[in-house]
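The first chain written gets the first letter, and so on, giving A, B, C and D; residue counts start at 1 in each chain.
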Amino acid sequence: MVISSNSMTKTITRRSFLVSSVVTAVSTAFAAQAPATAGAPDPKLMEDLVAAYRILAQQGVLDGFGHVSARHDRAANRFIMSRSLAPELVTASDLIEFDLDANPVDPRGRSLYSERFIHAEIYRARADVKAVVHNHAPSLIPFGVSTVPLRPMYHMAAFIGNGVPVFDIRKSFGMTDMLVSDSRKGRALAEALGNKTAVLMRGHGVAVVGSTIPIAVGRSIYLDLNARIEAQAIGLGGNITYLDPQEAQKMMDSGENRAYERPWELWKAKAMSK
Amino acid sequence: MVISSNSMTKTITRRSFLVSSVVTAVSTAFAAQAPATAGAPDPKLMEDLVAAYRILAQQGVLDGFGHVSARHDRAANRFIMSRSLAPELVTASDLIEFDLDANPVDPRGRSLYSERFIHAEIYRARADVKAVVHNHAPSLIPFGVSTVPLRPMYHMAAFIGNGVPVFDIRKSFGMTDMLVSDSRKGRALAEALGNKTAVLMRGHGVAVVGSTIPIAVGRSIYLDLNARIEAQAIGLGGNITYLDPQEAQKMMDSGENRAYERPWELWKAKAMSK
Amino acid sequence: MVISSNSMTKTITRRSFLVSSVVTAVSTAFAAQAPATAGAPDPKLMEDLVAAYRILAQQGVLDGFGHVSARHDRAANRFIMSRSLAPELVTASDLIEFDLDANPVDPRGRSLYSERFIHAEIYRARADVKAVVHNHAPSLIPFGVSTVPLRPMYHMAAFIGNGVPVFDIRKSFGMTDMLVSDSRKGRALAEALGNKTAVLMRGHGVAVVGSTIPIAVGRSIYLDLNARIEAQAIGLGGNITYLDPQEAQKMMDSGENRAYERPWELWKAKAMSK
Amino acid sequence: MVISSNSMTKTITRRSFLVSSVVTAVSTAFAAQAPATAGAPDPKLMEDLVAAYRILAQQGVLDGFGHVSARHDRAANRFIMSRSLAPELVTASDLIEFDLDANPVDPRGRSLYSERFIHAEIYRARADVKAVVHNHAPSLIPFGVSTVPLRPMYHMAAFIGNGVPVFDIRKSFGMTDMLVSDSRKGRALAEALGNKTAVLMRGHGVAVVGSTIPIAVGRSIYLDLNARIEAQAIGLGGNITYLDPQEAQKMMDSGENRAYERPWELWKAKAMSK
């Protein structure tokens, strides 16, 4: 019944509860005031969401931190994500429904990701987004802190042909603990994302979006690869021809990597067989 | 029965069918007009081709994308490759026979690699080539987009002693989706390859050829390693002595890495035991 | 009964035994003069310490060398670490109790880590430290020998927001074999550490401390990652915005990575299942 | 009964046989003229030699190429190495005895490593050497072709404190296929090695020696690690303090990494359990 301060305190504050301690027991009474459920999501969605956690861990994009979510297929104002847990350990029973204020429908005292506001506010701002990944891939951190921008090196990264913005939390919030741990910070991040496919977070990580779970996962994997490729290309010391924005657009128009169907089948088989 | 637009649309256009949708059902009537089979290939060839897919995945040269093919041992105008599938999942039952227009003999509605034209046109242009690998190895992308050329660093890469050309699809085709998805683009790539062992594709990947499956696979593995070694050598900042073209030629004359017999036995054992 | 010179010779010298050979048999009589035991530690502590060895090996922070220790939960002047053994092989039966002179309570002729003085002297100097890791992670060695300092790149490395000192054994001890193999050298290292969370050792490795085993382990893993990220960021050639010391402090204040509870559960499950 | 040209042709030439083809059948009569055996080596030596092949493959120092040998424990003019085989596949039954002209005692038509002359001539020149490793570790190739020398970064690489010479086959032999495939080339390599612990081979790889199998294996593993560390340190762009030759000497005097006893136990357990 004990949950961490980062996860629940903010939710409680939003509901005008008086919080006297950083570690708070959630009473049954509180749970009763949680948002109503939109009903059970499509089992396929749940299965794919669990697979997404495992795949991103197996591919090295997520380690013990980071998370994935999916918008509820029957309610645009609900999304699903795991309780606070290392991605590799997530199972269907760890998935929790949230509203767009990042309030859990039925937390049952479980610890929550403190940065679930990243997901909530992106879903609120972007109707086209059905899945969100937040990760700390080591290859991406340099591009979030350097004056050198992340750019598309090859067709597999066409989805960043129109650029990757960088969100610097310091601009709006000054000195912070760097975490997007409330709705205001989530909104600022969603604004920085704009209509793009990904947003780097300075000194922190990245948020990647997609119209399906496989697309958000595939983009996360190839964003990581693209960053490594760009770093290596810069290291060669010559001049670089980046993917032209028009080439990127044509790749997107012809079906971005066939919606990652081909690797998704492989990734899922490997991740779920463990 | 539904196949993707990228794979079949072009084939159908070549045959003057009217295509009204990007996703097209292949009727039984259509399949009846497919090229005639040249008969069953040598079972050893099929076994080695399946192994090649698995080996290149296990060695990290292929991920969920890319493909390998082999020329039919009984018909110079036919080649074999998998249906559209992640390399790690390929089995003998996924292998399909194609003619040099990249038309499948017996597709049975299976989805096809949209870039099978890479293979078809190289087989048409190079009678000596019996196997082709197309991959997106991250180490190679930088050399396809940089003014710094890929050069042989050590005897294991003697097969590129005579240079690796770079194919830039933009030169002949302007702004595209970067894919070699029809015969014209395949021919332009084969021309860029010329009489070499590999051709880099700007912002995309590489095509590697060989007179046997083990040679095309071995070259793919050591091309990747050589690229990583060159990047590291450049990073040291000193002057580099590259393998001399005459040294490379002598290595080739004395039997290029013994035709990769020694590692092939190992690679195959490891890849097929999974 | 034969133990290595590096491990026991110094201990014996401290006790004014005359040592005539670099390899010395420890007599039963000697063992009788060992420090008295403080009693059995909490079994959970022992279990976590074994896990720490295995986790750090599995994460690539330790290889066949390096070690972890924990302060005895019932005696501030005692600590526990393995006999001299590759980390991946450590089990509960390999754990030995030591006093703060690095004398073993009950060595039973087992070979000891020659650098156990790193641990002993840090426990003596820092009452807040309950766990110590010594490793040679390849990513960290460059920052111990370069004029370029290790700096925090992202929130996961907030624990080095106040800087990482470098211990150069040459300053106090001149030309040595680089090992911290006696109490004097251990004290000099502890002084260089000061009140920080880690200290780089020039041409050698690092010592990392924490108030719990999971914290010392988590810091070791993210110190390694941070070093790799910094090297990559420098390689891009642009200007870098490092984590601000105030941001780092706020992250620490809000609970440093939640004390690594979330990944610890995963790391331990994976390391102990092998 | 068919063996490859690279391996046996040179041997036959030394014996004044007329060779008319690059692929030669070895007659039973020829085998009868092979050098006499020095008797069975210590079974422990054979076991450790098999382990050495497997360990170096598992550690990524060897891939499908490269080899290890050990001097016969009962005959200084004999050494043992595998038939031509990928290291990961070597078992005791693949080990063959050779004389210092690299002639096999009992080849039984098995294919031989064409570069066994590396081993033979080092054993002839260096009485102190009991084990030799030849590998193509990617991290080392850059230092064999660059004007930037390989230098010791930390105590684990103290064994190169006195420098690593570079053998350039071109200086004595002009344009070659880069292989050390006869006794003359082997002698030139042994001369370049001198009294050192390793010699880089330009555009090819390295030869590493030791007074025991674990020492030659351990040095191979840490030479690879040291090269990666040096490349990363150079990439930081600052000034570097290398291990002082006196520090390296003191490390060697105090027992080079305790003869790698600690990791050897681990490496062997892991390599032989597969």
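Of note:
Criterion: a contact is a pair of C-beta atoms (placed from the backbone, for glycine too) under 8 Å apart; a residue touches a chain by one contact, two chains touch by 3 or more.
None of these values were measured; they are calculated from a predicted model.
Note on connectivity: the fewest steps through touching chains from chain B to chain D is 1. In summary, the pair chain C and chain D forms a contact in which the copies contribute largely different residue numbers, shared numbers making up under half of all those used. Chain C has its Cα centroid 35 Å from the Cα centroid of chain A.
Rounded to whole angstrom units, the spacing between the C-alpha centres of chain B and chain C is 49. Residues of chain D found to touch two or more other chains are 235.
If you draw each protein chain as a dot and join the dots that touch, you get one closed loop, with every dot joined to exactly two others.
Chain pairs that touch one another are A-B, A-C, B-D, C-D. Looking at the complex, you find that chain B touches chain D at residues 153-156, 158, 225, 228-229, 232-233, 235-244, 246-247, 250-251, 253-255, 257-258, 260, 262-267, 269-270. Residues of chain A that touch chain C in their complex: 4-6, 63-65, 84-86, 88-89, 136, 138-139, 141-148, 168, 170, 175-179, 202-205, 231, 234-235.
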